[in-house]
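Below are two complexes that have subunit A in common, paired first with subunit B and then with subunit C.
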Partner chain A sequence: MLKYLFYLLVFPGFLFASVFGLIVGWIERKVSARVQFRVGPPFFQNFYDVFKLWGKEIILIRNTPYFIFVIAPIIAFATVIMTSTIVGMTFFYGVGIGGDLLFIIYLMVIYSIALILGASSTGNVYCSIGAGREMKMLISDELAFILVILVPIIQAGYKIDLTQILAYQSANGMIIGSASGIIAFIVGILCLQAKMGMVPFDIAEAETEIVEGPLMEYSGPLLAFWKLAHYMMYVFLPMLLVILFWGGMSFASFGSIMAGIGKYLLIVVLMILIRNTNPRVRIDSAINFFWKWASPLALIAVILAIIGV
Partner chain B sequence: MSKCRIPLGPFHPLLEEAEFFDIKVEGEKVVDIEMETGWMHRGHEKISETKSYTQSIFLVERICGICSTSHPFAAAHAMEDVDNVEIPERAQYIRIFIGEMERIHSHLLWLGLAGHFIGYDTLWMWAWKYREPVLQIFEKVSGNRNHYAMFRVGGVSRDFDNALIPEIHPTLDMLEKKMLMIAGAAQDDPVLRSRLKGVGVLTKEAAINYCATGPTARASGVDIDVRRDDGLEYDLVDFPVRVLHNGDVYDKLVVRVLEIIDSVNIVRQCLEAFPKVGGEYLNKVKHISPGEGIGRYEAPRGEVFHYIRSDGSNRPLRHKVRAPSFSNIPTYKASCVGIPLADALITLAAVDPCYCCTERSIRVVDKNNKKLEHNLLTMSREKTANLKKAVAGSEKTPIDRIFED
Partner chain C sequence: MAFYNKIIKKSIWVFHVSASPCNNCDIEILDLITPGYDVERFGIKLVGSVRHADVLLVTGVVSYKVAPRIKQLYEQAAKPLFVIGIGTCTAGGATFKTSYNKAGIPLENVIPVNAYVTGCPPKPEAMIDGVLKLLGTLK
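The block that comes next holds the complex of A and B.
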């Protein structure tokens, strides 16, 4: 019991994911800055930002359902902690809880729904447009994301445990080495981009269009929850891809640990570069992209996986 | 689907200045747009009437922070127009040099902002990085990065130092190369193309009906360019007028990128001419006789127009300014309605609106905060006409008449 509490609250759950997430957030800002010929923020900038937000007041809007407004970021934060614990347990300890992939898919949807609920409760036009866009993003990337996850499940012999997928990979080679694996991996990175709301899929939050959209009315600690949850996604979503396609991380030797960190950082940097070399797409082109290109591509990967390529 | 009203402004990350757009949307589609100006009124015309002509030129330089030389250019034209002042050839070349360098930096600034508005922050930072050397050249030439204070009635206030020519050439070469790169990227990048191509189309008819000017009109196939149409200084140099025909945001971008390359070539022609053309750079004008004069100049955003009424004193009796955005901003009504919100916002930015330049008018409201209907254009014309009647045949300044009363 105590062990699981430790998993949940310290490592790889809340404490680790938030601290490491803020550090990865710094990497993101620094790499973006270097791509854009800027210097970038100091190492502790994200920590300053979050701690400062913690000290600010919460502004509530009169005549709106406060309860949903306040509970939405907490629910979202909880789902993110749970997901990072599940992914981290497999990544660092090799322990699974059984059926964890299904659980992750559900939790990711709950995060989006919490965002939509929190935004809709404010009655602000920017928030409602942002919520609408978030909903459209959810229905556009969800299918592709599930199809991508199906590929390792099928390859590992219809196992939905992350540990079993890892075991399959250590026995039969990495899934990314197969044709279906590489296709699913590429689509998977784009899905992560959409899940995290990064350019080109930051349509829901589009700062210059709808002023941070769903998060517009949030302030103080509640905004800190959203921001922290966003940064924590940087920790576990690339880890999830490493586990599903790239054989996870092994603690056998120093070299293998470095290789694991390298794989993780490679995915993060790839996402940051995609973010920095693309403009924001329109919501209809995003839906078009996921339904006409990404999902069929992922479907082809699934069929290839069933054939066994 | 019910209509939803999106207040864009007065303070919004899309707008670098305060401006209010009342956008009505159905879902994501814009069905109507209304503009409300008057948040940035600074009273330049009125202040100008209290300044001497030379000071007035420095005052109108402050109208726009980005195209800060266009207004002095047009104001100097207007003041010279009263007496048909001759400008020394060297001064003409210096004017062209300053004007074209400014066009380069203004278009680069727009390019960066446009990138930022569509979420492409890398393009933003890169465009502004290439803009930096241009500002440094300005600092070397005029002493200022912006607001160069180069214009005087009858010429320019400083000579151009010929020793700077070798320093400027590498920057021009760099700019030309980078602009070709950006033009290529805009053509090749499918995401950028899908975001800009066919978006916010302003048809040729609409551009003519709304009296669009500058790159906004030229991207819609209207062949106007004050530099070529009026001649004056610009007869000294060769340059093409870029006209494209689709009228979408993509064409507006391409027109501006091509104009940067053209401006680079014009600046090169000036640099070639500087060692050959010596002599005076300022034809000192002591007195501006009574009468009226108009001056036009092709600012980076379009035609800027200045009207000067002189009564023989050392300050203008009436100074009327029309900035290009005044006629470009209303084109939103033609280009934004019926397109998705995400596209409408880049369409707003694509005419490169400069709000505080435009707003020489204030919003008049009565006690109940209800708008009073005033046709400001008519009011302005009436004021000028009344002034004409008042000063016709009189050699005295209005201040004299006040003292007589």
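The block that comes next holds the complex of A and C.
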């Protein structure tokens, strides 16, 4: 019991994921700053931001269902902690606790639903526009994401357990080495971009257009929950991609540990560079992109995986 | 509280309130957030929602029409909150000091003000200096 609490609250869960997520968030801001020929924020900037938000007021809006308003960020934060524990256990210890890939897909949908609920409980116009856009993004990227996840499942012999996919890869070589694997990996990076709401697909939280959309009415600790949850997604989503396609991380030697960290950082920096070199797309072009291009491409990858290429 | 003040100095999210300005100071505020000045290195970030704001940058002569809105914005923001008047208009009215329609000259007739950065318009360097000096007074 105590062991599982430790997993959930300290190592791959809450404490590790939040601290590491804030550091990765700093990497994101710093790389973006260097791309724009700026200096960028100091190392502890994200820690200062979150700590500051903890000390501010929470403002509730009269005549709205503010129970939902308060509970939504807490639900989202809890799902993010659970997902990062499950993914982190497989990434660092090589064992699976609590759930498989289906469970992870469900948890990530719950995060989006919490965002939609929290935003639409406020009655603010910008919040409801943001909630509607978040719903459309969920519809558009979910199909492609599930198809992408199907490829390693099929290649590993129809196993939905993360550890079994890892075991398959250590026996038969990485999934990214196959034709279906590389296609699914590329589509997968674009799906992560949409899941995290990074720039080509940050339509729901468009800062310059609908001023952070769903998060507009949140203040103080509740906003800190949302920010932390967003930064924690930087930790487990690239890790999930590394586990599914790139053979995870092994602690056999110093070189293999460095290779694992390198794979993770490569995906993160690739995502940051995509974020910095692309403008925000409109909601209709995002749905077009995912339904007309990304999903068929992922479907081709699934068919190739069934054939066995 | 002293520790909290030490942190809040390093993470300042500013919200831009334009209270019937002539648009000159607003253009300078927009200059402030360009890569050339890079205020992100001080932790300053421009936010779009007043619920997220730590500092309100108010520009312009506060007229009778806009004064209730400024009060409402001040009440909607999460405290602790600081207010900085940008431009001579907020402090002394500048060209508009004899206007028939002035409600807030100086601005503290309407909402509490922590600092003024005067100039018509003040340079972005002066604004950075003002914000950082205001936060330097926090103990």
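Criterion: the second predicted complex is superposed on the first by the 307 of 309 C-alpha atoms of A that agree within 3 Å, B and C clash if a C-alpha of one lies under 4 Å from a C-alpha of the other, contacts with A are read in each partner's own complex, and residues count from 1 in each chain.
In this section, a contact is a pair of C-beta atoms (placed from the backbone, for glycine too) under 8 Å apart; a residue touches a chain by one contact, two chains touch by 3 or more.
Remember, predicted model here, so these are calculated numbers, not experimental data.
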Check the residue A:211 against both partner chains and state whether it touches subunit B (first), subunit C (second), both, or neither.
both
Applying the document's definition of touch, where does A:285 land relative to subunit B and subunit C: first, second, both, or neither?
first
Based on the superposed arrangement, let me know which partner A:199 touches: subunit B (first), subunit C (second), both, or neither?
first
Looking at the overlay, what does A:51 touch: subunit B (first), subunit C (second), both, or neither?
second
Where does A:220 make contact in the superposed view: on subunit B (first), on subunit C (second), on both, or on neither?
second
Now for A:38: first (subunit B), second (subunit C), both, or neither, which partner does it touch?
both
Subunit A residues contacting subunit B in one complex and subunit C in the other 36-38, 207-208, 211
Looking at the complex, which residues from subunit C come into contact with subunit A?
4, 7-8, 10-11, 35, 38, 40-41, 43, 47-49, 51-52, 54, 76, 78-80
Can you check the complex and tell me which residues of subunit A touch subunit B?
32, 35-38, 125-126, 128-129, 132, 199-200, 202-203, 206-211, 276-285
Residue positions on subunit B within touch of subunit A in the complex are 4-7, 12-14, 25, 27-28, 115-126, 129, 191-192, 194-195, 340-343, 345
Would you mind writing out the residues of subunit A in touch with subunit C in their complex?
29, 33, 36-42, 44-45, 48-49, 51-52, 55-59, 207-208, 211-212, 215-220, 223
